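Taking it in order: structure first as structure tokens, then the write-up.
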Amino acid sequence: MVDKFNIHTDLAVENKERFQGDDTEISGVKVYEKYDERYGVKLTKVEIVSPKGAKIMGKPMGKYVTIEAIEFDYKDYDSDRKKQLGKVLARELFYMLPVRKKEEIKELSVLVVGLGNKDVTPDALGPYVIANLDVTRHIFMLKNNHGKSKGISAMIPGVMAQSGMESAEMVEGIAKQIKPDVVICVDALAAGSTKRLSSTIQLADTGINPGAGIGNHRKGIDKENLGVPVIAIGIPTVIHAATIVSDTMDEIIKVLSELPDMKGNGGFEVLKSFNDTEKHKLVRELLEPRVADMFVTPKDIDESIRFMSETVAYGINLVFSLS
Amino acid sequence: MVDKFNIHTDLAVENKERFQGDDTEISGVKVYEKYDERYGVKLTKVEIVSPKGAKIMGKPMGKYVTIEAIEFDYKDYDSDRKKQLGKVLARELFYMLPVRKKEEIKELSVLVVGLGNKDVTPDALGPYVIANLDVTRHIFMLKNNHGKSKGISAMIPGVMAQSGMESAEMVEGIAKQIKPDVVICVDALAAGSTKRLSSTIQLADTGINPGAGIGNHRKGIDKENLGVPVIAIGIPTVIHAATIVSDTMDEIIKVLSELPDMKGNGGFEVLKSFNDTEKHKLVRELLEPRVADMFVTPKDIDESIRFMSETVAYGINLVFSLS
Amino acid sequence: MVDKFNIHTDLAVENKERFQGDDTEISGVKVYEKYDERYGVKLTKVEIVSPKGAKIMGKPMGKYVTIEAIEFDYKDYDSDRKKQLGKVLARELFYMLPVRKKEEIKELSVLVVGLGNKDVTPDALGPYVIANLDVTRHIFMLKNNHGKSKGISAMIPGVMAQSGMESAEMVEGIAKQIKPDVVICVDALAAGSTKRLSSTIQLADTGINPGAGIGNHRKGIDKENLGVPVIAIGIPTVIHAATIVSDTMDEIIKVLSELPDMKGNGGFEVLKSFNDTEKHKLVRELLEPRVADMFVTPKDIDESIRFMSETVAYGINLVFSLS
Amino acid sequence: MVDKFNIHTDLAVENKERFQGDDTEISGVKVYEKYDERYGVKLTKVEIVSPKGAKIMGKPMGKYVTIEAIEFDYKDYDSDRKKQLGKVLARELFYMLPVRKKEEIKELSVLVVGLGNKDVTPDALGPYVIANLDVTRHIFMLKNNHGKSKGISAMIPGVMAQSGMESAEMVEGIAKQIKPDVVICVDALAAGSTKRLSSTIQLADTGINPGAGIGNHRKGIDKENLGVPVIAIGIPTVIHAATIVSDTMDEIIKVLSELPDMKGNGGFEVLKSFNDTEKHKLVRELLEPRVADMFVTPKDIDESIRFMSETVAYGINLVFSLS
């Protein structure tokens, strides 16, 4: 069963789709879907409540919320759409914060981390969000005569080839120094399907775990390491090259199945009987070795990264300007 | 026959490979190969001498020189390697210039055009080369009291979404104004195989033609439009997503062929009998539509773009500092 | 009299202030001032109507409109303020366009030129405005099957050390190629007083003339060269180092004048009797020579450039989205 | 006496010059000068050995080495000059490292911090140096199976308005996490004279202290806070606006002194008798208030920052590639 998830995706909603039909239930995994007409988005909440569920889903226990702008052609970016998506994000982010009431938000010290590589466009979501963030901690510190940390701080760890350090090391060092109440990590993700690129936002209360995204963030950035809740906000901007090939192979097998002479053909039946892991393994072996380190991304990724980073920053800014 | 080239590649050397075995000759196409031990590169010169050759190759008549750093793992960039590759590039570029003697080089007025989108990493080769170029025209103009244009000038047209203009329009306007003796266009290319990414340089005396590279440079930047020779320098940095899938399908068919029950199976024989165009068409139909606009690129594209742009700038600077 | 203006300023409103008291009139120069309560800005319209006026003002004949956000502490940037200033800019820009009715705007082909050096923060206003502009010409060209040029196009010429060309050459080449109906040039300016830095916008229907701003735009970008109206939009972001010193010297002389023993002191009276040109010349001689090539700018120039470039882009976008 | 140093400079060599004639000695301050013919640089070593010396010099006790490229017109940057300056820097940096022998260098874990604001050109030296650094720590960590930290790591803290944190907080957090053996901080400095801009490098074993440079690095980045030696490498890129005005005032007073009627004039004698502090205070009062937050910088600062950051990176890379 686990093999269902060998196609790499960072989206819990895709793990779920690949696994279940619409009516099946996965043990240890609660799913809740809702269409929000007001903002034209589909919300899917996946909660992994047991270790067994975590194993099946290949993701740590916790809450995953996906905001899909399903009726939104990502080419139709505009400033109204940015605000709508930003508002939904703000609402969902609020529910994940370790506060009960809006008034408590303004007492929080929040460290926002922009993960990824600013020099590789599809991996630059995190750094770009930071560039659009309303950073306020220093203002409170000056007013407060350097008392308790409060307000928004932000960091861009960069990638190992630039810093010589793992992002997780850097975040841990900074977090121990300034002692935020909560950490929010923003990162570009890999999707399993082109339709979710640049139009889906995932929030998770699990932090960031080894190998997530296209970067190399090996050590976890999570509550275990940092001692405070870590909320991850991610948007898929790439698909692994192997995923695209694998998906196409599925389609080819479907086409071949319909050719009359194929029916009852032993060799073909073998191929058809391959499960996802086996097919994925075959594809990986057939692919030129360097393809494994490659990703697929749209030509206009600069425009979608710009739009989505402004959207995420708008949402985060909105939450923390509330009170 | 033409279908051999439906797999998109901007490299003449790959068109040739896909078409011929090692010993075949294509009518109207002259090929000359040489291994340059001193610099550890393979040089392939493809000359298309007749309209028939141009049709077969799917490329305009002219000379194409490919410098392949075959023994070079693109992860081992260093400053010596940059100089070696740069020297070979300088030598080949010199032979394409409209001069006979080294002394004449310093009398040339040369416009270097950095095509592509600086905001999408794999498409940023051209803009990055310009950033490393020794621009000199303004110095000669000041000395010369604005007499005949001389020395190196440079422009970065950007992409249509940023300028509202085609690159070709912008280059044509500037070229008519400053009347260079020769135009050199630098652009990122699409390869047909991962092995040539970031380690191959192509020079061509044909200029840039519609749809080349991953950008949208529809109108030609060539001698016909500009009235002066146009030399194109390109390095493959991406592969079209459809190419990767198509290549993998070929491998799958090979594997299936060896399964015993497949022999003599009518449906499979049909599939196997598909030529490249038919297979490519099938792949395109099976691919999710958005994939057609996607490209595949390595995760560390920022490092290879940086290295290769410094190499190209080094080579161009070297030619024009000669005398 | 001309010496009054030796203190370098690119703002017509400062030329006027240095020259006249509040009630004087300069021959050939019409001045109209208005406080716009709705938007909290002071508008000054200076019209130079005769060659004599042009000589006195040291600026070409034409209309100059200054929008001063006088009650605006430039540290209080916010998105509302940006919209207010942008609306005033849009209104004044509309009056300078070669159209009578709003409906005609959408038929215009407009080339917006971002002058200056993107790599020197206070000189980067022009390039930053272009980055925020709604460029549309290519969309109309596709719809129109490449008929008459229409919509917004944009270019960033860069500086001579990067391009080897004068900005004016590049703009002329592009303008001849795409034949816009009007050209809008955006540039950073030098002010004569710190109070106008980053909070004043000047529009002029005279284009850009040699030596304006801190860049080296020697050849004119004006109707004479381009054959179409050229509107200049500028914001002061620097003060020449010599201006700051000169102004302080004036203050020192004032202080010395009040020391009792100075009265009737011949040497001092000589100094006091110096006119602005003489004082400025003295300052220039006393300054270390390299200071002449230096400018004064605030430490937080990155924030004000960002805010003001978004404001100007908002204003320009607003005009051309009307209809 | 202390007032001698009120003209702000970050260079110990300028503090010394303002204070002493060539032959004077300051108590608690040792000075050693040498002209290095091979590389065409003047070396000045200032050692502050007592608290009294520190008070007089307005700088903490420690060693300051200044490398002045005195015969070097900063417009004649070239790659040879970069290597020469880089070699001198490497040699002086080596002497400040907490090692005795070259072999020990390769065992060091070194954190290089690029202070300053990448978005304000004259303050971008630190970030630009990091971009050119050979970062190696991650490679050793992978080989070493995450044993003792070794090799070069690098961070760019950014400025408070971007991060909400003081640079010192961020460096402290990271240093506690990765435990380097030595920290090297690179920062842009303010000079007291234009002649030292972009052509002087200062090394100090004192770390970075509050208010140094043009940024706002209030908390110290020094051995006291970090527990390991902190070496500061700085290059002056700006002059405070008040310094330029003050220097010019000195020149004006000199000129006035030579006017015959001034001799014996009481008011003027008062002015002349002002010491530097008093003059500086007067200038500050006369300056428009906003000027106090302004700096003076050359128009071509982008080119000198680029050259100097490559030079510093070359020097640092050279030291740590030795063994």
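Letters A, B, C and D mark the chains in the order given here, with residues in each chain numbered from 1 onward.
By our rule, a contact is a pair of C-beta atoms (placed from the backbone, for glycine too) under 8 Å apart; a residue touches a chain by one contact, two chains touch by 3 or more.
Just so it is clear, the model here is predicted, and its values are computed rather than measured.
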| item | value |
| --- | --- |
| For chain B and chain C, chains touching each | none |
| Intercentroid distance (Cα basis), chain B paired with chain A, Å | 35 |
| Whole-Å gap separating chain A and chain D, where each centre is the average of the chain's CA atoms | 43 |
| Residue list for chain D, restricted to those that touch at least two other chains | 161 |
| Arrangement of touching chains [line / ring / star / complete / other] | ring |
| Touch relationships between chains, expressed as pairs | A-B, A-D, B-C, C-D |
| Touch list for chain B against partner chain C, complex | 130, 135-138, 151-156, 158, 160-166, 169-170, 172-178 |
| Chain D residues within the chain C interface of the complex | 117, 119-121, 123, 161, 193-195, 197, 214, 239, 241, 244-245, 247-249, 251-252, 255-256, 259-262, 265-268, 270-271, 282-283, 286-288, 290-291, 293-303 |
